[in-house]
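Naming follows writing order (A, B, C, D and E), and every chain is counted from residue 1.
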Amino acid sequence: MASIASNFLVLMSVLFPIIAGFALFSRPIFEDRHVYVGFMTFISAGIIFLAAFCAESNLIVLCRVTQDLSIAFRMDAPARAFSCLVAFVWVLVTLYSFEYLRRRPPVDRFYAFFLSTFGILVGVACAGNLLTLYLFYELLTFMTLPLVMHSQQREAIRATVKYLLYSLIGAALALGGFFFFHVYGVSMEFTPGGFLDIAKISSENSREMILTVIFLTLLGFGAKAGLVPLHSWLPTAHPVAPTPASAVLSGLITKAGVIAMFRVVYYVAGADFLRGTWVQTALLYIALLTIFTGSMMAFIEKHLKKRIAWSSVSQVSYVVFAMMLLTPDGIRGAVLQIAAHAVSKSCLFLSAGVVIYFALMGANYHYADQLRGIGKELPVTMTCFALASVSLIGLPISGGFTAKWYMASGALELGSVGIFGVVILMISALLTAGYLLPIVTDAFFPGEDYDYTIVVPFHLPMNMRIALLLLGASAILTGVFAGNIIDFVDANMIPLLY
Amino acid sequence: MFAKLVVNHYEAAAVIIFGIGLSNLLLQRNLIKKIIGLNIMNTSVYLFLAAKGYISGRAAPLLIQDAAGNWINDASVYVNPVPSGLVLTGIVVSLSVTAFALALTLRLYESYATLNIDEALLKMTREQEALEENLLQESDEDVLL
Amino acid sequence: MTIIEWLLLGFLIVCAIAASMAKNLLNSVIIFMSYSLVMSVIFVLLRSPDLAMTEAALGAGVTSILFFLALRKVGQMHHEHEHESESGSK
Amino acid sequence: MSVNIFAYNIPFISIFLMMLAAIITPILPNRKRIPEKLSCAVVFVNVILSAYLIYVLTNSGGSLTFNFAMGNFPAPWGNELRAGPLEAILSFAFCVSMLLSLMGNSDSTAEDIPEKRRVIFCVLVNLLTASLLALTYTNDIFTAYVFIEINTIAACAIVAVKESPESIRAALRYMIMSSVGSGLLLIAICLLYDLTGHLSMQNMNLVIKNLIANREYIMPLTVALALATIGLAIKSALYPFASWLPDAHGNSTNVSSAILSGLVLKGHIFLLIKIFVRVFGLEAIHDLRMDNIIFALGIIAMIMGSVNALSQVNVKRMIAWSSVAQVGYIFLGIGLNTNAGIAAACLHIIVHATVKPMLYAAVSGLSSAAGHSKSLHALMGTFYVNRWAGLGLIAGAFSMMGIPAFAGFASKLSLMLASFDSPVMIFSLAALVTSSVLNALYYVPAVIVVLTHDKTKPKVHMNVSMIYKISMGIFIALTIYLGLFCVTLLRLLTRGVIVLG
Amino acid sequence: MNEDLRIIWRNFFNWVMGNGARPENEEIIPEAPPDLPFTQKQESRNSRFHELTLRERYSHWLEIHGLHLFSNVYSGMSVLICVVIVLLLLVTVAELPKFGSENNPANNEVMERYINSGGEETGAKNIVSGMILDYRAFDTFGESALLFTAAVSVLMLLAVSRRDSKNSPERLHKFSQDDSILRGVALLSIPVIVLLGCVVILNGHLKPGGGFSGGAILSAALIFAANAYGFGSVHKFFSERKFVIMISSALMIYALLNAWSFFTGANDFEAYISKGAIGNIFSAGLILPLNICLSLIVAGILYGFYALFSEEEI
């Protein structure tokens, strides 16, 4: 009986937000859409938290497509962790978005897709097999398209098409991998340590082919995470989306790609199968290349939101790097980095959104060098911005610091690649400091020649303020309570390695 | 091969006529000639079939009586009746197709005043272009106003 | 017997080519008609009197009549079109 | 006779019901849309009959098939019908698709076709369905030829039913290409008759097996097979021979396009499958080297159809080119030349017969919301005017892109699994993956446009008729059903292909 | 490297979308208030007059040269295909069984049964008639349905569409000729033609001929009458409605007769139809009534073709 209830809980945590979102298309349920959306998001988050903490981790089959393929979910450890993170950030971003979206209609369509994306993201996290993962991954692409092209201007549509093209190429690679895994797998269900049929592979001498397929699949899923060959949609698409959308796009939806890669590495192929192969090395180098490129481009970029988007390219690849180390410290670093980056990047985007929102009042603040002295007008926002920056750069006690610490110690176990990786990490940290800290310092310390009389007092609405403060605080708190996260990882995810 | 073709001369002729008909159907610009080509092609197949049913020295498939007035139903007396049956069907098929194609051709001529299907396409595109130009001019006037 | 066969087959091929080469559509329809008639003679030679009859009635008769009618109608429409274009130009 | 007497007569009854409906329609009074109602009713009866036939065949326990002699004489002498799981399922799919196309487009039919023509349109639709059913059930290759001709004339007339010069031109072009196809098919049938002395498919198969085993008449057999394949490929719009399709499907009325792409192409493809499996047998096809050619043509069609669809501005032409690509999928399955491959091809036939009419019905709903313009940009924001049509478009697009849980994915998956044992696996993998991306590249922009609010346009309100909503709902439900629960269907199809051979 | 990628992407994007080429240094303007909607019209006009992308150049070029190129390529391909098909077929024909030989595969048990027991089983003296109307009656039914399809389609194309626009009374009598000699000849010959037609039809199971040829002869009589007395007088006893009803009901009877024999034959039921003695007029079971129906259908449809093609209302 309890099992049925927990199954229902897991299913509802995926389906409820989707249904609630699409209900927005039909008839007005509440006169005020914000009330409805807030209520539904809150309920969804509640269900998700409940499911993450209470549900059993058995396989829940929704329906069977063929004998061995089904749409199935499983609330296992990564799913629990990620869906909690999603629910936390989503509630705050939704809270923030009420005020922001008032100026950017049509609200209905935005929230319909925004809410469904919430459910689909949870679906990606709890997918029990590769088919479900692929289904939700594709749906994620299509559900986020309307978010990116919300303004319907030419730039937005061009960015959408670019996003679409890259995502589709990625998904196509993943689809090819899916077909292969279906033939060379024992079952399609995610199993810790991989479900590949090693006997069949070795008897058919197709180890190299399977490695290539895994590599291509990882690259394909990497498209969502902004990994190098398929990264360039990210800095185009994220800035044109409305801020709440770009916050979740950067903070969480890129992580959907990472989660998919995580599933492929640890649940499809198995860490043992990949350890020491060229796939591991190649992906490590690709991740490092992405880290460097992202940081460098962010350093060069002047446009505020684009800078933050490039920063995402680099920061998400930290996770990929850590994940591909295939060591305990690597996993610890990856999980911490996911959490830290999700909250801090959302915080950064939301702060930038406040700046732009503020800009709508008259000034034109789109570029990083226009923000001189803005800390006097928006003190709370810029404080949160600073907190998030600290975490992204990886200064001590912040979440980012712990993550990078584990990452580096994991990398050093790995020999020359690891050492090279640590060097790149250092350089990237410096670059990150270089593109984020000047904004903060300029904002708070505009210099001697700053004219303090033009400061216009700006009243930040309460819900925006709460969202920003909570996200900024949690960027630091992830570092403070890193120990608890590490305990969770040690108990649940380290066994995946062996 | 040539000697064999001489033996199968009906079939060889049928095949050559089939080729002529097919090339007419594909290459002629004029629709009436295309349809004539279609008919030639189909008829050649009927010739082929009829030749396949023929057995030298045998009678047409109409039962005949022997001297005592009994019907001779010995298979070694008559030619193969199956191809005749098929060709009978086939002739009606090609008649129907011809009638339908001719009706379509007449309608095409009514609309485009040409029996050439490519020319009809050309005329259509020209008309559309003219229409678009008109629209464009109208919208320009709108802008000016 | 064989010579007649060869002659008729040769005539068929010549008719088929001539029907496609003829400049005048009417000629080509007439040639097609004679082609069908020769075909029905060949059917008689091949011991298929049913076919000969049907081919003569439907293939040579009805089909050719349809072609003639279509040509006549095209001619009429041609005049109408010319008439229209003349009046249009005036 | 392993089935009860009613089920035994179902193939005959369904063909003759459609025929009698066609014959009686001109006599009926032309009021209150009686002819259309009659067509729908008879097709609906056929849906039920074929569903019952599927039920009986799969639960009879004994042999899955039976032959029905049309007259007093069995196979080599008289005409025969043959019913097996494959035939029953396909005729069920065709009837469902026909019914839904008629229902889903009934509004646009009423607008596009003047009332006096509608009687004739109904006659043609009935004849078309009857000929399709006969094509599906027939066991005699010459009967198949006669009914193919009925099919062709009715299909061309259905294209020409729209009173516009372009549609007449398109119909003429279709007619000419079809005639080439039937001419080639006819001479192939004659060659086969000469070599085997039979017209009944299973007797032909016995003789051909002997001939191939003795290595006699290999060259004539190859030529006959090649000509039949080319002839049917022209009629079913395989890529290099598909130039007539976008004209014919893009310029006709919506219901005509739906019927043409959903049913007419499929009937010819199924005949080709019958010739491959039933007349020649798969080993013979492999011996005569026809499988690889079909496979390669299928891949080319998949890619080129989509590439051509990319540059279309007219939505109907875009969907028509996408049909070319989808026909490529089916030929890819046939080209694999295994039972599984052909079952997958049959699954894709069913999937496409469901999805394409749905797309055409959706486009007809959307374009009437946009003031009957078919250009992609005119459809902007029409989702909010006609939501059922918009949902249909989205479901169809997802299905064509191969998103899991929609029909297209199921057939793609089964094609892929069927091709895994063959040496050409890597090609079909690459082709399937590439064409999914290409499909998405033109379907997603269409969906985006339809979902985009156009603020310059005044708000339009449109009354969507109940029948449209119902048929759209059934379409969408079928799409998702096929995507999620196709296991039993695929298993049945595989058994059907095995007993067909 | 990234810039290169971006340039390649941009070109590709332009190619896909058909937008004008865009200046490289253009900044992305994010999130301006959505006042300006995305209008395609402006865009197409811009691209039309200013910058041409590859696709547009291609389509312009195609507009000018495309048809010629297409028809040339098409002709070349067609010639090639025809030549290849003819050569292949010639080679095939050379390998086929010999013409006129008794041992051809086609002369097998099928044909033997048609001849050996065709007389008893169908009662027809003309084996071909017996074959197409009894053994392979379904083919012939399909054939008459095909004729019906063609008739309906031609009716749709040539009659129904113009009834609204061009129906003027003087058109109806435009081609009727007031020729007394013709009328006299017609008066004499029409009964003879009708009689001939009837003989051919009624002897369909005994002699060459049958429904199709007899129907064609009957239609010739009708056409002759129409030419001699004008379509109007033919229409006095044959209006369009009656015509359609005649064809449909003849076809209906034909179909029902066929269905009866198929149904009883397939289920081994008693058919209640005697075959009669070979050689009699009233023999051969259903073949005689089938031939009569067939001739009515064919005569009606062929006359209908004639009337429609000579721009008359049937």
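Operating definition for what follows: a residue touches a chain if its C-beta (ideal position, glycine included) is under 8 Å from a C-beta of that chain, and two chains touch if they have at least 3 such contacts.
Predicted model only: the values in this text are computed from it and were never measured.
Common partners of chain A and chain E, by the touch rule above, are D. Among the remaining chains, those touching chain B and also chain C are E.
Of all chains shown, D has the CA centroid lying nearest to the centroid of every protein CA atom. By number of C-beta pairs in contact, B-E leads when A-D and B-E are compared.
Work out the mean CA point of chain C and of chain E, and you get 18 Å between them. One inter-chain figure worth recording: chain B and chain D are separated by 25 Å, centre to centre, where each centre is the mean of the chain's CA atoms. With centres taken as mean Cα positions, chain B sits 65 Å from chain A. Averaging C-alpha coordinates per chain places the centre of chain C 37 Å away from that of chain D.
The set of chain D residues touching two or more other chains comprises 142, 146, 149, 153, 156-157, 160, 187, 193-194, 441, 452. Multi-chain contact residues of chain A (touching two or more other chains) are listed as 152, 157, 161. Counting partners per residue, chain C has 48-50, 54, 58, 62, 66, 70, 73 as the residues that reach two or more other chains. The residues of chain D lying in touch with chain B in their complex are 142, 146, 149, 152-153, 156-157, 160, 165-166, 168-169, 171-173, 175-176, 179-180, 183, 186-187, 190, 193-194, 199.
For chain D in complex with chain A, the residues that touch the partner chain are 387, 398, 401-405, 410, 413-414, 416-417, 420, 429-430, 432-434, 436-437, 440-441, 444-445, 448, 451-453, 483-487, 490. Listed in rising order, the residues of chain C touching chain B in the complex are 5-6, 9, 12-13, 16-17, 19-20, 25, 28-29, 32, 35-36, 39, 42-43, 46-51, 54-55, 58-59, 62-63, 66-67, 70-71, 73-74, 77-78, 81. Chain E makes touch with chain B in their complex at residues 41, 45, 63, 67, 71, 75, 78-79, 81-83, 85-86, 89-96, 98-102, 104, 106-107, 110-112, 114-120, 125-128, 131-132, 136, 139-140, 142-144, 146-147, 149-151, 153-154, 157-158, 161, 207-208, 212, 278-279, 305, 308-309.
Against chain E, in their complex, chain C makes its touches with residues 48-50, 52-54, 57-58, 61-62, 65-66, 69-70, 72-73, 76.
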